[in-house]
């Protein structure tokens, strides 16, 4: 019996150690990212880093202003959601209410494939189609090279769609059927029932889908880097190239050293904080809105 | 809005259009890769990318070797040994946030922790370590989902027969949630195969078959990234990029079919 | 279950230890050719040489502090970096070539032209006698030695050595191959790279009417070139033997067929 | 008194289960008809046939004719949306939408294209007055409907149905989820509504049927056993099974 007991004890401590280790990983990541990024933040100053426009890491007195890249990250995320949300919500409604179960399963399989396609392939695809097309047709404009914010937004929209659709479909399916019956009972047709009642009842699920979609998109690196042109500028002309925080890290990391590398880690910290803000807003949405479609 | 028949008709058309557009987009991308890649999918490409496939399998194997036990044990602890106290909520939040961390941040962490701090060299081993961390939340969540679906009666039945929590785990819980674990594994493989940003700083690059875990290497995805950037340096130029992209795409489709198959089998078993 | 744990810990420990040997670190532009030199040297000498590419300044300071046996640099040492217990050797010269799309009729540009192009003063090939196509700048990323040397030569930096180029919508890539790919695909593109990397899909042009060949570069007629330096402590015998190998025939031969210009 | 509903040989199957067998029934205008019977006898299923809510159920097959104002509504050609405009429904559990009281009441009319503000305000006031809820909520029309009590929510659902100006109101055990006081208020309201609506109500409580209905139909195992004036059904029912059920011997 003695041997048996300490075998059980051994495994139960192993279970405990595993979960403790798993939960501390996030902390470990935070520690090391901050550890590497703090020198540049201290040297150049957090305020200047967030709001200064010029990024010249290899100059005599280097400047590590990230504001153009932070803006590019935010703008590309919002614009991609502007495309992904309508398509995502409308197709989710169609899948849950307007098509047969068989068609729905087929399309959901296609959405899962889209979710599974590695971002490097999506970037490659857009590079060889959209970017090439943009240069062929707009090369006469100064500064246009095909690699552009528009191409980046298109890639990010493709990335956001699967996340938004899978979660919206789940939210719509969880809507209490009593609302549907009540609406139909009042002589509303299917479309009115969906858009006036069911979407409202699944509001918190849909908001979670959008926020998760934003989280997925804001952290995208490989696909954006291939198509965005990586020029450090912000412009209302979407055909001009741009550089997001993630692309900045991936482009310059291989040859960066000293303070330059530390500044890249600092842009990683900024990105990390943005992601954490998104996670926290998600938590608030889910807790607050949890009840309305009970 | 939606109070007049023409508005209703318009929205209905838009709803169908959105779905068609979604399907067309995916078909356009997939067919583009297939059409361009199919002509390069021949023996020379398979031979040339054999080192990439082997390296990818090595990363998948080692990452899962670490993440699986860690993930399953963590899921068991979360589902069986804890109530929903404050500490558990914290743990859940940190694992969910870990799941939301972008892969470039994992890349930065891998570079500073494994390479600079621990002094490991840029190798398949370092890439596998970071990938085990990347897929850990996936394994935990899927295993937890599976454990949740076990109806309480079965667990209570086993406990009622005098079995300790530990034997209940081995005899009832783990066998029952095999499909959740398999789902987690398949999704994890999908994530590892397609990953570039998390491992690009720590895996180095190589064009021959690696002899050990501690040599630098190139997976299908990292090599694809290099060739896209520098097609002139690969044997048949951009063609091999299309070839590798097609191989990756086939793997993704295969993995998704596998998930469907596993769910189907276990759905029948669960009745 | 126990077997599995032992394996994992075993893998972890083995990973951490790696053999000591000759440490070579520094410029990312010199690293590729140094890699070839090292593998050739190791094929007939017993030596374990470790190479890291972390930039010229890092290489220079590593050599001065003795952290690395040999420091590589693609820029001359500044006055305060130089001291007399180290010796500095030039192992090769790298000419930086300007490349255009094959359909672009232009065959020659002056340094002033390059300055006007990369500082946004002129943005159409018509200004230089070419077709009416806007110019698309293709540039390397910050930290790349090639970009540093190129922008210094065409004075595309301000007093604080901060580059102007970023303001004119360049396509920024972090590898020579990507420069080639962008120049090859885009009619109006202009890029630059080491002479050795040029391939026939793109067109290298002459600068100030001088082709980038051995004699023009050595005579400094070809305006944009940079020397590859190796820095080592005078008393470091192991480093000295490797450097002598680089400076004699078989070393110089490798440097030449890597597309650089030999010094001996 | 001409009839508003004339049901002839109505049969319904859920997949293979024959839930309603050969129902023949006439329902007069402006009367309250109670449907009683043990649970699972098909009374709710029958009620839902009258506004074709059963169309939502996947493998449900219906035969026979349902004449509504002499027109057979149980056919593909007849648009169920029009039917539901004329035949409102109130459910067992109060299910106001997660919107304001005002928006709940005008939901139906707006779906029909009535968007004129003044017209909608009139409808809201008249419907809430008819549902005896106007006094309670007239100064907080824009507050959320979920804030009301159970009884108030059910009366709001009735008001919502009345706003459609239907001819018939179907009620599926409207008071089973409510406390006795709220139930009494709803019963009093039903009797007042009889003046301008036909009300068909499914109920478990025979006392409720006796109190408020003019006619009562007794269902058992998918068949209509007996249908007659309420006082006849409860005083001396013709069919033995009805008598056993009324006196509580089974069911």
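The letters A, B, C and D name the chains in turn, as written, and every chain counts its residues from 1.
We take it that a residue touches a chain if its C-beta (ideal position, glycine included) is under 8 Å from a C-beta of that chain, and two chains touch if they have at least 3 such contacts.
On a predicted model such as this, the values are computed, not experimentally measured, just so you know.
Colleague: Could you tell me which chains make contact with chain B and chain C both?
Modeller: A
Colleague: Of the chains present, which has its C-alpha mean closest to the combined C-alpha mean?
Modeller: Ranked by how close its C-alpha centre lies to the overall one, first comes A.
Colleague: Compute the centre of every chain as the mean of its C-alpha atoms, then state which one is farthest from the centre of chain A.
Modeller: Max centre-to-centre separation from chain A belongs to D.
Colleague: By count of C-beta pairs in contact, what is the leading chain pair?
Modeller: Greatest count of contact pairs is found between chains A-B.
Colleague: When the centre of a chain is set as the mean of its C-alpha atoms, what distance in Å lies between chain B and chain D?
Modeller: 53
Colleague: Roughly how many whole angstrom separate the Cα centroids of chain C and chain D?
Modeller: Here the centre of chain D sits 84 Å away from the centre of chain C.
Colleague: Once you find the CA centre of chain A and the CA centre of chain B, what distance in Å lies between them?
Modeller: So the centroids are 17 Å from each other.
Colleague: Can you check how far apart chain A and chain C are, centre to centre, with Cα atoms defining each centre and the answer in Å?
Modeller: Distance between chain centres, rounded to whole Å: 36 Å.
Colleague: By the touch rule stated above, which residues of chain D touch at least two different other chains?
Modeller: Chain D, residues with two or more chain partners: 111-112.
Colleague: Where in chain A do residues touch two or more other chains at once?
Modeller: 189, 192, 196, 254
Colleague: Give the residues of chain B touching no fewer than two other chains, as numbers and ranges.
Modeller: Each of 2, 69, 229 in chain B touches at least two other chains.
Colleague: Classify the inter-chain contact topology: is it line, ring, star, complete, or other?
Modeller: If you draw each chain as a dot and join those that touch, the picture is no line, ring, star or complete graph.
Colleague: On the basis of the stated criterion, which chains touch which? Give every pair.
Modeller: A-B, A-C, A-D, B-C, B-D
Colleague: Hey, which residues of chain A end up touching chain D in the complex?
Modeller: 178-189, 192, 196-197, 200-201, 292-293
Colleague: Touching chain C in the complex: which residues of chain B?
Modeller: 62, 65-66, 69, 118-121, 123, 125-126, 213-214, 226, 229-233
Colleague: Considering the complex alone, what residue numbers of chain C touch chain B?
Modeller: Spelled out, the residues of chain C in touch with chain B are 1, 4, 7-8, 11, 14-16, 18, 173-178, 180-181, 199, 201.
Colleague: Touching residues of chain A toward chain B in the complex: what are they?
Modeller: Touch list, chain A to chain B: 8, 11-12, 14-16, 18-19, 21-29, 32-33, 35-36, 86-87, 89-91, 93-95, 98-99, 107, 109-114, 116-125, 127-129, 158, 161, 165, 189, 191-192, 195-196, 212, 215, 218-222, 226, 246, 249-250, 253-254, 264-265, 268, 271-272, 275-276, 278-279, 283.
Colleague: Would you pull the chain D residues touching chain B in the complex into a rising list?
Modeller: Interface residues on chain D, with respect to chain B: 110-115.
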